Structure formats: C-alpha cells, structure tokens
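Encoded as structure tokens, the structure appears first; notes follow it.
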Amino acid sequence: MDQSVSLAGLNLKNPVMTASGTFGYGLEFTPYGDLAALGGIVVKGLSLKPREGNPMPRIAETPSGMLNAIGLQNCGVERFLSDKLPRLPWKATPILANLYACDPDEFGELAGVLAAEEGVAALEVNISCPNVKEGGVLFGQDPSQAAKVTEAVKKRCGSKPVMVKLSPNVADIVGIARAVEAAGADCLSLINTLTGMAVDVRTRKPRLANVVGGLSGPAVKPVALRCVWQVSRAVNIPVVGMGGISSAMDVLEFILVGAHAVQVGTANFTRPDFAFRLVEELPQVAASMGVTDWESFRGSLDVG
Amino acid sequence: MPKPTCQDVSVLRITPHGPEGLSHGLWLIELENPGWQAVRPGQFAMLRPTAWGFEPLWARPFSICRATPERLAFLIQAVGRGTRLLTGLKQGDTVTVWGPLGHAFNTEPGVRTLMLAGGVGIAPFVEYSAAHPTPSNLTLLFGHRPPLSCYPYEDITRLAAASAFRETSPQDIPLFVARIEEAMADHAGGLALACGPTPFLRTVRNAALKLGVRCQLSLENRMACGIGACLGCVATDSEGHHVQSCTRGPVFWANEITL
Amino acid sequence: MDQSVSLAGLNLKNPVMTASGTFGYGLEFTPYGDLAALGGIVVKGLSLKPREGNPMPRIAETPSGMLNAIGLQNCGVERFLSDKLPRLPWKATPILANLYACDPDEFGELAGVLAAEEGVAALEVNISCPNVKEGGVLFGQDPSQAAKVTEAVKKRCGSKPVMVKLSPNVADIVGIARAVEAAGADCLSLINTLTGMAVDVRTRKPRLANVVGGLSGPAVKPVALRCVWQVSRAVNIPVVGMGGISSAMDVLEFILVGAHAVQVGTANFTRPDFAFRLVEELPQVAASMGVTDWESFRGSLDVG
Amino acid sequence: MPKPTCQDVSVLRITPHGPEGLSHGLWLIELENPGWQAVRPGQFAMLRPTAWGFEPLWARPFSICRATPERLAFLIQAVGRGTRLLTGLKQGDTVTVWGPLGHAFNTEPGVRTLMLAGGVGIAPFVEYSAAHPTPSNLTLLFGHRPPLSCYPYEDITRLAAASAFRETSPQDIPLFVARIEEAMADHAGGLALACGPTPFLRTVRNAALKLGVRCQLSLENRMACGIGACLGCVATDSEGHHVQSCTRGPVFWANEITL
C-alpha cells in the first residue's frame, strides 16, 4: 500500500517522524540509517540564543519509561541554520524545527527566522516543556496563553505550516486543542511528557538535579492514546500522535484512534536504528492487520 | 574514523572473571564482533540484550576491553539492575550492540605513559596495552577492592610494568592517593590516562593539574543513547559549556573539563 | 524502630494501607495473611445503592501498568455494613470506607451512614474516579466542586477523620489540594488513576468497553511521587501517597517526598500476599537505609 | 474447603506436549505442589514467574490439569506474551502460584456425565477423570486443531469413553456443533460439563438450554487477581448482576449466566 501521508501541506513518505529532543539534530543518526527514509525529522528544541540547559543529572530510568530534565540545551537557532541544517537531507524529507521561547513575542521572532529558511519544512511550537522555569508547560496549560503563542507564530511563519505541541499535564486537553486551532494552528502534535519525579532513598536526593522532569516511553502510551483520541475527534486539523511508541503495532494504534502521523521519541534510545527499522516494518505489519490505506484506517476505532 | 554500526550479535562466551569473579560480580562477556575494524582503546559500546522488552529501557555503556576480528570482550561488574541482567545472559543469547563510540585515549608511542585504573576502569587498558606499539613505555597503577584475580590484570602485566593497590578499608584511600601522586610525579613530561569511579578521577585530575602532567580522563556519566542525541550525559567544559560525554568524550583532557 | 504512624487521629501500626478497589472488601485476602498486620485497609468504593459497574472488558495490561474501568461496581453501603464490615478486624486495624456519590448531597448522606458505624475508622472521599459518567473525576478537577463535596462530607462525618482522594488529571494539583484543605479535609490521599486508553488493532476496538479507563501500577509512580511532593509541601494536613508502589523501597520513596503513610494498589494483583510481605520487609529495608524514625525521615528529601 | 495459599515453588519439569507440541505451542509444566491437599477438578491456579519484575504485571490463570501430593501439572498453550514467557521457563526456575481457586465441576458418581472440551479446555478433565469414582459413567467429546498428540487425550481415554474431532477448516464447525448436540441429546437426564473458548461454550450453552441438559461451563475471562478483588473478570448472571468469574466461577451452571 501507499505509505505516504499528507499533513497540513507537507508530503510525508510515511507517517513515521522522529520526536524532538530524542533524535538530536538528526545528524547523530546518519551512521545507523538513511535519514531520507523517514517520514519527517523534528529536531531538538531551538531557542533564539544557545542554552546550556539544566545541571546534571538530567535523566533517570523508570518502569517502562524515563524522566528527563534536559532543560532545552541547544546550540541556538543561528548555529542550527549554519552548521546543522545544510547537512540534513531537507530536499528529500521534511525537517521540522521545534521552537521554544519565553514569551509570545520571542516565539514570533524565532518563527520568523526559521520560517524564512528553505530547508525548514514546518514549525513545531513547544508550549509544553515541563523542564524550564520560564514559560514552558505553563503556556500549554492555559488556553488563552496557548492561543497567544500560536497567533504570534502564525503571524511570522509565512507559508510554513505550524504544528502546536500539547501538554498532557492538563485537566482538559480538548479545551487547549480547540483554543490553539481557533488561533490558527495548522496541525497539532501530542503528547509532550508528563511531569514526574524520581528519588534516591540512599542519598535522599532527587534523581534529577531539576527535581521534576518529563516522563516518556511505553509507560505513558495509554495516556497518549487517550489524548490523541479525544483531541482528534474534537478538532478539524490533523493530529500527530506520540508517547511511548515502540513498535509498528503502536504506530497503527495511534492512527486507529485518529492520528495522521506519529513521532517516535524515547524508543530511539533503545537502539539508534530504531526509527529506520520501524519504517521498514510498518508496511508489512499494516498489511497483516488488514490496513489497505491510511485514509480509511485513520480514526476507524469502533467504540460501539 | 570508520562509521559505528548497530547490530544484533550472539554471546560467544560469558564467565565470571577468575575463581572469585562470581562472588564479586565481575564477569567477562565475549560477543561476536559485528565487523568493527578499527576499535581504538578507550572507545566504548552500548549493550542491550535484545530480549529486554522495554523494561529496562536503556542500553548500558561499557568500555571495549578487547577487540579481535572475531570477538569483542567486555569486563562487566554487576552493580545494579541492568548489569545484573546482562551478566545473567547465556551463551547464544542475542545482544544489540552499537559502537565503537566516542574518543579514544591518546597513543603516543615515544612518550612514557601512565595508566591509572580504578576497579573495572581497568577494562580499556587491556586493549590499550595490546594495541600500543611500544608497551615498554607503559606503566599501570591499579587500585582495586575485589581480589586481583577478578580483573584482567595479568593481561596487562604481560606487556607493561604494573603495580596494584588493594583498598580494604577507607583508611587506605590516602595511601592510594599518595601512590597516584608519586606515579604522576614520576611521569612529569609524560602522559597520564585514567579510568575509574568519579572520586578517583577527581583525585587524578587534581594531581595532574598540580604537577602539570598531561592527562586524559575517561568519564562514567549516565547515558541513554550513547550517540550524542539525548543530552543526558553532559560534562561541563572549562568554559562552563555542557558537552556530551558520549561523543565529545568519554575521554577528555583533564584541564578541559570540570568534575 | 517504631513503625507506627499517627494520621489525622488514626493510629496505624505501620504506614502501609491497601488502596481502594485493589483489595476488595479485605475479606478476599484473609487466606494470604493477617489483615490485622496491615496499617489500614481501604475498602472498594461504596455508593448508597449497589452498582453493577461497567460492561466487560474492564481491565487491560499496559507496559508496567494496567488500565481499569470497573465503574465502581459495589454491593452498596447497606450490604457492606451488614455482611462485610462485621467480619473485618476493625478493632485491630483501621478500616477506611471509600465513598463515591453523584453529587455533594449524596456524598453527605453516604458519609452520615458510614461515619455512624463504630467499625469505620475514617472516610476516604473519591472525587477522582475517571470511570463513571456522572461526577467522578470532574469533582476532582474543579477546586470549588472539590471543596463542596468535602464540606458536605465534613458536615456529616461526626468525629471521623475525612481523607479526600485527589486526581492527577489536572494542571495544578496543589490548587485542588489547597481548596480541599480549606474546606476542612483532615487528610489527603493521592493519586487516583491517570485517564488512559488501550486499543486492539486486530479488532479495531478499545480494550475496555468504557473506551477510557484509569492507569495504575509502576508506570505511574513518577507522576505520583511528583504529586505527593508538590502537595505535601503546600498543605498543612497529612498526605497519604500512592501510585505504583511495588516494593518496600517504593514506600520509603513516598515518605521521603513527604507522605505520612502510603497505599498499595495494583501490586496486590501481582500476588495476593503482596501487602503482607511488604509490611514484613519494611522495617529491615528502612533500617538498611538509615531511617531511624518516620518523623525525621518524612519529607527529608534534599533538593539542594 | 481448605484455604488457598500463595507460594513460590520450583518448576520440576517443563516439556512440549508430545512430539508436535513445540511447533504448536502446547506445553506441560509441572510444579512442586506447595502443599495443596484437596484440589477439586475444574479449579484453577494463578501462575507468575517470580522473576517477572512488574512487566508483565499480572499472573495468568490456568486450570489444574493434574494434582498429586508432589506435583501440580498445567497444560499451557502459548498464545500471547505471558504464555510465551511462561513456556520459556526452565526446570528449577521459580514460579509464584496461588490457589486452588474457584468452584469445581460437579462430580455426580451415579450420573452419566459428558465432558465437552475445546482445545486446551481439555486440561481440567484430566484431573476430573482421574478423580472420578465411576469413570465408566464418563464420556469425552474433544474438539481440537493441533494434532491429538499435543493434548493429554490419552490420559483420559485410559479411563473414559472418548472421541475426538479435529477441526481443520471453518467448514468443520457446523459438523462439530452437530456432534456436540448429538452427544448432549444422548445425555438428556445426565450432566454435561464444558471447558473451552467462548464461542464453543456458547454453542454448548445453547444446546443445553434447548435440550434441557443440566450443564456446567468453565469460563475463560481475563483475570488480574483471581481472588475476587479486582472485579475485572465478571460474568453477567441470569438476573443481570455482575459476578466474579474467579470466585463465583469459573464453573457456572449454564442457565445461571449469560454469555
């Protein structure tokens, strides 16, 4: 079957993208597979200026998952555009920039810089990072703030599609999704990490220097599926699902509940060729499940 | 530098190291070499039994202790969940392995070189000594708690000068520190290389800076990906920047990072 | 060391209680251990009238966790008081009734009936069940609703302590906790389950007839620890922690971040003697971690 | 009824059932009997390898196939993650087991009794036939897909009249249904007992109600606790009430539940 997916004007070879922060700038993975084979690549969250991120330790393993509090360490948008982007196969596969800023104006400025680059196919707006003090997840917990950021980005993004990334740390994710849709988002991605914590009884210290961090991996998949199901039924823009995807069957589960495409995150750490293998396996697994085209399969969950 | 690869290979052999290895949790694991041509001593690999579902999630990093065209050997100490599961593997089990990763120790054939190892930190020096063109320039100082037979110490003494220091109580630590400083002083103008637990590396680093010895340290930071992508393993360089210890290290010049 | 804990007027032999819905009415576990050895027993959620609960299937396994959508099936308060409570060792260990109702008045009425019983040591108010249509988690997502339910129960509870059980499905759990404290709660318990979902690609159906359900087990422990840490620092009433506890070390983790006591839930399904074994192991594990008394250990997390 | 217990016991023996058991995933697992005195046929146990961390989380329910003072035997078909992990155990591995659980099949010595088994549903009838005081009153009708040698069929034919029906294509189903109805009709006034997949139980139940045969069914609902606590396994009784199939069943009178 034809694996391609069209998403808010982007043409993806297949529905499998890699998630921001779990696939570096893409280049780290070149030894392990052909980047151009992926449906899309979302690079590590970028800010206007370089950021050193949080102190160590920043990561901890948890049951079927992990916590991270990287704190958006990144090389800054300038170095990304000069050093990284030119080496990525942006003509062959969409490269999505993930944006992080401290206020709507700064989001707008960053969006302007990135959208002007031919090699940037779309913008993913991170209003849901739990690991930074200013802004971060707070934007994603308040519908009006979320809308403001979306508007600021939309104003500066030119013709590039804008995908807004939602936080699961809310009572009503549908409310946020609707606010962001109304503010002009072209597409939604979800979920970002759940706020969590781990401690070491021996040392009586938190396992993360930042104390709290973001939970990801298979442990959160049930929450992610629920969010994608709720949101994709409530909005008219496409939804990109993620959270714990670790097999081709998981990809199908997200599409079944309504996702147009997916992102693979934490599973990239279980082996660096993970995403490439997934892309290879997907057609056969889809066929074995009787999926004949994405269109008819998407959202076909039978809730009786 | 040849590209690293990620592959599933078989466990060829797995045994406790020496007669007392079992009780001290020290194991030698030999894997099929997945075709790695040019492993450089100090490089490491990420290991993950393919049968682990997603619990535990991460692979674990280990120094390459010995590489031949047929096999890769790792010296693994069982210290927690992951290493206990790894050392419980059986011959024929499949392990996902990626590497060789990271920067190696400098090999400077004409320079007197001191290898400082703490515990399992001895692992990379087995390959280092074996690959060194002039092992007569090498000296090992090895600090350990479990018996010497739990470690591949003899693989090194066959090639290089070596002495071992067994720490049996906390009071021994200052004595070992003195031995380190003495050996470093003896290598002024030479090269010192260290691998071991962080407090040990700190001692080495202080001595190196004090005595002005050129010195490299192999860091043991927690790692998720091993390839520079997760930013979970960073060290702080001398300018206060966070650098990935998996790709910019694990071997760093002592004066270029803080500990 | 002395394992006992005093909690809002209750004297617990040790800090380990069993969580509502995971320990039946207690009686199911009599073959596997001495109920009187437990710190406390919280029975399955009770309503004024018997409830049949949701249709099948109601449970699904997930990575390091499970989903349930039992829908508060229970025998009703009357049969609980006549058939179950008299057979429980309520003189030897505190029995806590878990209350569920559809509105504040009904909560009050139920509280009145239960509080009048000598064998009921305290009331746990479930304002956070995600598996029922009316009320349920909605009370737990709105501070003013949560306060109303708390007040209604407090008015009818006589001298019995009232523990309010919080939902993690909120943006700001501290806000709810403070509202409930201000409304007179004697104690808080958290977390209830996270709303999640699982699907079967082969049949294209949800794995739960109710579509969504509550996620519990080790997978959610990082979220639970974070909630307990945030809440216990913010309120002046004691907090009972739960979510994924599956070892004595986990019990210590919850106390370290600020819990007075804990509840063990899903782990009871891994073996029916689980809670009894945990109670036996705890003193030795606590000692090996240098814990000399609960008071000084509680909340002693060193966040630098 | 003696109290159930929960204990950790060793795997005494684990083998595929018969020469073709391996390829069809049918295994016989024998465990140390943890001191269960009076196992009644139709009862089940919950099994969980003690080494499973918390992934997977739940134990799995299995009918007790045979109980002697020394051992408990289970016939296990590998159908999913849990049963694949269970059938991968080795002799000497430890399994946490609780039971014996639930209600047994009626044993009515003087009554002609028909045992209807589908696939692994044959398991409880091994113990049932062995424990029955008058096996000459027993008849087995066994429907299966893998070869007969994959099942302990001969253990029953040694004691009771039996016939087997192999289903090789979906067209065979109506033929098997006819055989069931015929056998049931032949047991009017007797007792019919059934264990197998739900569609099979539905067929049996319909026939029993139609023909007025007293009939018990053993349900195979998903279970988490096995002891009546989680309410995850409920069946709907004839009055529309939800009843735990682990404690009120797994064996129910056909007219007392809906399917």
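Things to note:
By letter and in written order, the chains are A, B, C and D; residue numbering begins at 1 in each of them.
We take it that a contact is a pair of C-beta atoms (placed from the backbone, for glycine too) under 8 Å apart; a residue touches a chain by one contact, two chains touch by 3 or more.
Note that the structure is predicted; figures quoted are calculated from it, not measured.
If you take chain A and chain B together, the chains in touch with both are C, D. Farthest chain from chain A, judged by C-alpha centroids: D.
Comparing chain pairs A-D and C-D, the larger number of C-beta contacts belongs to C-D. In whole angstrom, the spacing between the mean C-alpha positions of chain B and chain C is 47. Chain C and chain D have CA centres that are 35 Å apart. Inter-chain centre distance (chain A to chain C, centres taken as mean C-alpha positions): 34 Å. Contact of a single residue of chain A with at least two other chains is seen at positions 63-65, 217-218. Across the assembly, chain D contributes residues 53-55 that each touch 2 or more other chains.
With chains as nodes and touching pairs as edges, the resulting graph is complete, every pair of chains being joined. Residues 53-55 of chain D touch chain A in their complex. Per the touch definition, chain C reaches chain B in the complex via residues 63-64. The touching residues of chain A, when paired with chain B in their complex, are 21-24, 28-29, 31-32, 44, 52-53, 56-59, 61, 63-66, 68, 70, 73, 217-218, 246, 266-273. Against chain A, the residues of chain B that register as touching in their complex are 3-6, 48, 54-59, 96, 98, 221-222, 224-232, 234, 240-242, 247. Residues 62-65, 67, 141, 169-172, 194-199, 201-206, 209, 211-212, 215, 217-223, 225-226, 229, 244, 249, 252-253, 256-257, 289, 300-304 of chain A touch chain C in their complex.
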